[in-house]
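Sharing a structure, written as structure tokens. Questions coming.
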Amino acid sequence: MLPWKGELAGRLDVDVISSELLRGNPLGDPAERPIWVYVPPGYDGSDERYPAVYVIQGYTGHVGMWANRTAYRQPFVETADAVFAAGDVPPCIVVYVDAWTAYGGSQFVDSPGTGRYHSYLCDEVVPWVDERYRTIAAAESRAISGKSSGGFGAMITPMLRPDLFGALATHAGDALYELSYVPEFGKAVRFLRDYDGDIFRWWDDFRSRTAFTKECDSELLITLGCSAAFSARDDGTPELPFDPRSGELRVDVWDRWLAWDPVRMVDEYADALRGLRAVWIDAGTRDEWFLDLGAQAFRDGLARIGVPDDRVQFELFEGTHMAIDYRYPMALAWLALRLAR
Amino acid sequence: MLPWKGELAGRLDVDVISSELLRGNPLGDPAERPIWVYVPPGYDGSDERYPAVYVIQGYTGHVGMWANRTAYRQPFVETADAVFAAGDVPPCIVVYVDAWTAYGGSQFVDSPGTGRYHSYLCDEVVPWVDERYRTIAAAESRAISGKSSGGFGAMITPMLRPDLFGALATHAGDALYELSYVPEFGKAVRFLRDYDGDIFRWWDDFRSRTAFTKECDSELLITLGCSAAFSARDDGTPELPFDPRSGELRVDVWDRWLAWDPVRMVDEYADALRGLRAVWIDAGTRDEWFLDLGAQAFRDGLARIGVPDDRVQFELFEGTHMAIDYRYPMALAWLALRLAR
Amino acid sequence: MLPWKGELAGRLDVDVISSELLRGNPLGDPAERPIWVYVPPGYDGSDERYPAVYVIQGYTGHVGMWANRTAYRQPFVETADAVFAAGDVPPCIVVYVDAWTAYGGSQFVDSPGTGRYHSYLCDEVVPWVDERYRTIAAAESRAISGKSSGGFGAMITPMLRPDLFGALATHAGDALYELSYVPEFGKAVRFLRDYDGDIFRWWDDFRSRTAFTKECDSELLITLGCSAAFSARDDGTPELPFDPRSGELRVDVWDRWLAWDPVRMVDEYADALRGLRAVWIDAGTRDEWFLDLGAQAFRDGLARIGVPDDRVQFELFEGTHMAIDYRYPMALAWLALRLAR
Amino acid sequence: MLPWKGELAGRLDVDVISSELLRGNPLGDPAERPIWVYVPPGYDGSDERYPAVYVIQGYTGHVGMWANRTAYRQPFVETADAVFAAGDVPPCIVVYVDAWTAYGGSQFVDSPGTGRYHSYLCDEVVPWVDERYRTIAAAESRAISGKSSGGFGAMITPMLRPDLFGALATHAGDALYELSYVPEFGKAVRFLRDYDGDIFRWWDDFRSRTAFTKECDSELLITLGCSAAFSARDDGTPELPFDPRSGELRVDVWDRWLAWDPVRMVDEYADALRGLRAVWIDAGTRDEWFLDLGAQAFRDGLARIGVPDDRVQFELFEGTHMAIDYRYPMALAWLALRLAR
């Protein structure tokens, strides 16, 4: 394998979508967003319609990163293409969606703290794609997939919009917040000691210098960004779900986060989940945020509400949260075989 | 300083207390317990009465460990003696209490899972000491002190028995359970994968071999022991507060633990706490269980309910959870100056 | 800053160089190599000649990675462009060289284990660039720069070829091998326990599956690759510098590595080093391979042999070995100001 | 098992030896040293003579620590007694020797930096014991055993004095210094940044406050102490084997250390080693100082010089450097079966 190049069997269109819903968003982020649409080999010479898989990213990810190359591996754009190149997996359109914000992410929800990223994804990106590409424009032929925060988005979006998405894949998706988020709050409190307990002082500092040159940066960024997504005030100000000096949970704010825990959402959205054709769930057994346990708990939730086992692919694989991109094409192939066509 | 010996200015009596309350305890632990009582210099030649400080231990600690020697430091028995040897701190009796169980500890509560260690401490040990030593047998002259689980015991015992204890010192005491315990549950779940999710299979394994030769041992021991202390069934069987495969909290069981979180107990026991003469709270800023945050939250709770600042000594010192025994004599001296005499 | 795009003020040419020296290399790696050449703003409209800075990569890096995007930062191709875009730093040509091998790198030396990468760089890449671009084709106008293994290459290449390179920048470059490599050997031995002490069994395993899905992969890859670079037999077989079961150094093989330690090369190549116009040395104070100490030792060596202080820029900055790409444009600007023009 | 007490089947004599050789030692440490001698069950009622096993300690250990109790385990004094209590292992005398210094240890060598601890052990302690106890006063009936620095002492003492010691047990003994010591030097250099590169400034600081309250303390103490043992100047001043700012090895000083590496001593002392009746070597596979590799290298050395396999017990067990005291009685029993009687 040559490390420095990859030719595609299909075709990747690099485009821009102009979002009305993101216009005037509270962080001043652009309303024009990059969007990459992959069409599989054979698309151009046919008039067939195809299922579509929407791919969203983890925290701090933006669509331009899908082309990043690493040693001995190929970017997902290429490994996704390889899924269809051999011809034994039925072809799909793959849509790479951008939901970046100045805080590093949106969690794919509508929030006065970051913007209307859920609606943008569902009511703008999906129609935009359906208009321009020969998709099968139906939930049973549309999946969503992602890792980490992207896995979270992939879990919640079909719950909220079963009319749009009928399948999902979550790789180490955020879930079981007591285990994945609360320990991070403890670290955040310690980091905030250098900022007099004020996360906005850190934010000012962060923007004034090279990012990620302090140990606290990653932790505080995600804390701030998720507070903006899950617990912003009406005026958009993020509220931390914990006391910034003691880490004690602020019950009312924390409850707003918990309302977004996929594990806790299972019962409320049981009908939507039972309507899904295919659910891929995996995570590394040593995930740094215990997302293997979140995956297990989400999977247990599906069983509890009666999602049939044959619609669920569950695996805890040996690994951490890092360098697990080789799992994405596995899920893509599995979904491609199950989407209606 | 000679490392290998220490002569005391006072006197340490090594004795045994025969407990009625521990007789027939569910773990078959002995009802005869070692008890060490230290009397300060001058005690023997006088008929003065003295305040008493009760010292309890952290998890897996037993009274015999107070004599352990480490490099460049002296055992607490000796550093406690040194507090009074110089003569500038008013003398106290110091009582070293044993509350060991087969699970490594009792958390100093009454439980069908371990035994009646709270009652043993309050209704047997205290009277035993008062009968045999010239103590000032009043709450305002009686303090309790400990580290880690011992710090926890030192926080809760005066809340439950303000008639007995009028002062306390907690060094890195267990508190703010969402941060101190929940991440441990995540680790425990992973360790239990080797035991088919069954902590009793681990327990059988643990007892069959040299203890602490597997990485999981410490974690699972404390998980089991605290379940026995906080959430045993009526028949004594410990119930885990989480699903052993997913880590998902079992709300009803977990609530039994939270009912023992000193941070959450503050409001219910506000009167008792407001009646205390002296409260020492400290922890290391890098405590492995975030007990610095637990300390802060407990201290904030005292402020919230109106405990006057001049009764509280609060410090987060540079350090971890380990090797902090040098803090104990500092607290002892501070308490000695505040106990009524 | 928009995270997902960057326009250049200058121009980046993406090209391929066909190497005679790499043809038939022992690993079967391609002789056609990508090469990226950046020309600064103003280049196209003028007939000026420019100094050139050659940029080489760390272990497992290949030229395609220079375009990788990360959150809140821009790729070096863009930050390098920004150095010249403002106009206050005199313009340079920047050449991104590829020296990838199947083992992940070449260490930029000639070796029967990997190929003639040193000669390829000096005798093929440099003339190729000088023929096609308006460089000032003299050592005093040519610098080389890199990080980690690239920093190593940037130190040794001007020592070996002072006729070609008159300046260098090393960011956390490999040096002081007792501290940077030997501890890795210890880890390698432990990893090799799963492969019966045979690194080639690991290599077969590594090539048969997704790379970097085992903890041992990174460690063993660099061990094998550096053995191929520094201590291959005449037939190309890499020889480990240590006993694969005990870690004991094999003195004769280890001496071949030490002969490539920049710290030890200083005296032999003192004349070449004294002839350099500019030497940038930096590293993070917490570098995982102690390369801050390697940097200090190399800097001390330059002082010892009489390189004047005003030609050396030395800094240990707060940081690790990771995410230090923001240092590269700092060095580039500093070099640009010192290269003869 | 009751955790807080242990009765012995044999008898432990706690005594003091007055050393002429330690009198006036350079650190001002006491010449009167504690010595513990254990006699096995049956000793008192008989006139039999017994083999003797000398037990020495790891760095910062002193003889008083042998009584330390830990959870779920018993002190070595008790587990050693248990070896003989059952009656199936032939009885031995066990001698617990103290070789503490103000620097935390002596490495059991004679040095102008610490004192004549090797001679004290061989020429004073051994005769003292032989005079007072019914030992079989011959090398073939005398063993030495220890862990870590004690394991080192147990390896070198019989090499230097085969006339005295005919068997040894080393648990994770210091060896293969490139792997065990050099990485520590890297850490030491970083710690010394806070002391302007001057280890004596750290030493002054260390003595002025509670020991081990700074992260650097353990590292710098052992660095200083081993420099005092291995590379003191004639006037007793310890010389570091590395440049305190760059970590670069000072070859001449480092060679003095290497001369004390058991792995390198094997060939010089081959005759002595070939004369040993029994050699126990073990270490944990994850030893923090790579002493598993040191153990392997020492064992390989014995094979190389022709020590018969049936005299060597070698094992790498699952574990780290910590909490491995349960290995000591295993070695003691093995030695007891092999000493001449």
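So that you can tell them apart, the chains are marked A, B, C and D in the order they are listed, and the count of residues begins at 1 in each.
The rule is simple: a contact is a pair of C-beta atoms (placed from the backbone, for glycine too) under 8 Å apart; a residue touches a chain by one contact, two chains touch by 3 or more.
This one's a predicted model, so the numbers in the text were calculated from it and none came from an experiment.
Engineer: List every chain that touches both subunit A and subunit D.
Structural biologist: Intersection of subunit A and subunit D contact lists gives B, C.
Engineer: Chains touching subunit C and subunit D alike, please list them.
Structural biologist: Chains in contact with subunit C as well as subunit D: not a single one.
Engineer: Farthest chain from subunit A, going by the mean of C-alpha atoms per chain?
Structural biologist: Comparing chain centres, D lies farthest from subunit A.
Engineer: Distance from the CA centroid of subunit A to that of subunit B, rounded to the nearest Å?
Structural biologist: 45
Engineer: List the centre-to-centre spacing of subunit A and subunit C in whole Å, with centres computed as mean CA coordinates.
Structural biologist: 36
Engineer: In angstrom, rounded to a whole number, how far apart do the mean CA points of subunit B and subunit C lie?
Structural biologist: Distance between chain centres, rounded to whole Å: 56 Å.
Engineer: In subunit C, what residues contact two or more other chains?
Structural biologist: In subunit C, no residue touches two or more other chains.
Engineer: Got a list of which chains touch which?
Structural biologist: Going through each pair of chains, those in contact are A-B, A-C, B-D, C-D.
Engineer: Can you name the residues of subunit A that touch subunit C in the complex?
Structural biologist: It comes out as residues 2-5, 30, 34, 60-65, 67-73, 98, 100, 104, 210-213, 318-319, 323, 326.
Engineer: Per the contact definition, I'd like the list of subunit B residues that touch subunit A in the complex.
Structural biologist: 176, 178-179, 182-183, 185-186, 189-190, 193, 243, 245-249, 263, 285-286, 290, 292-293, 296-297, 300
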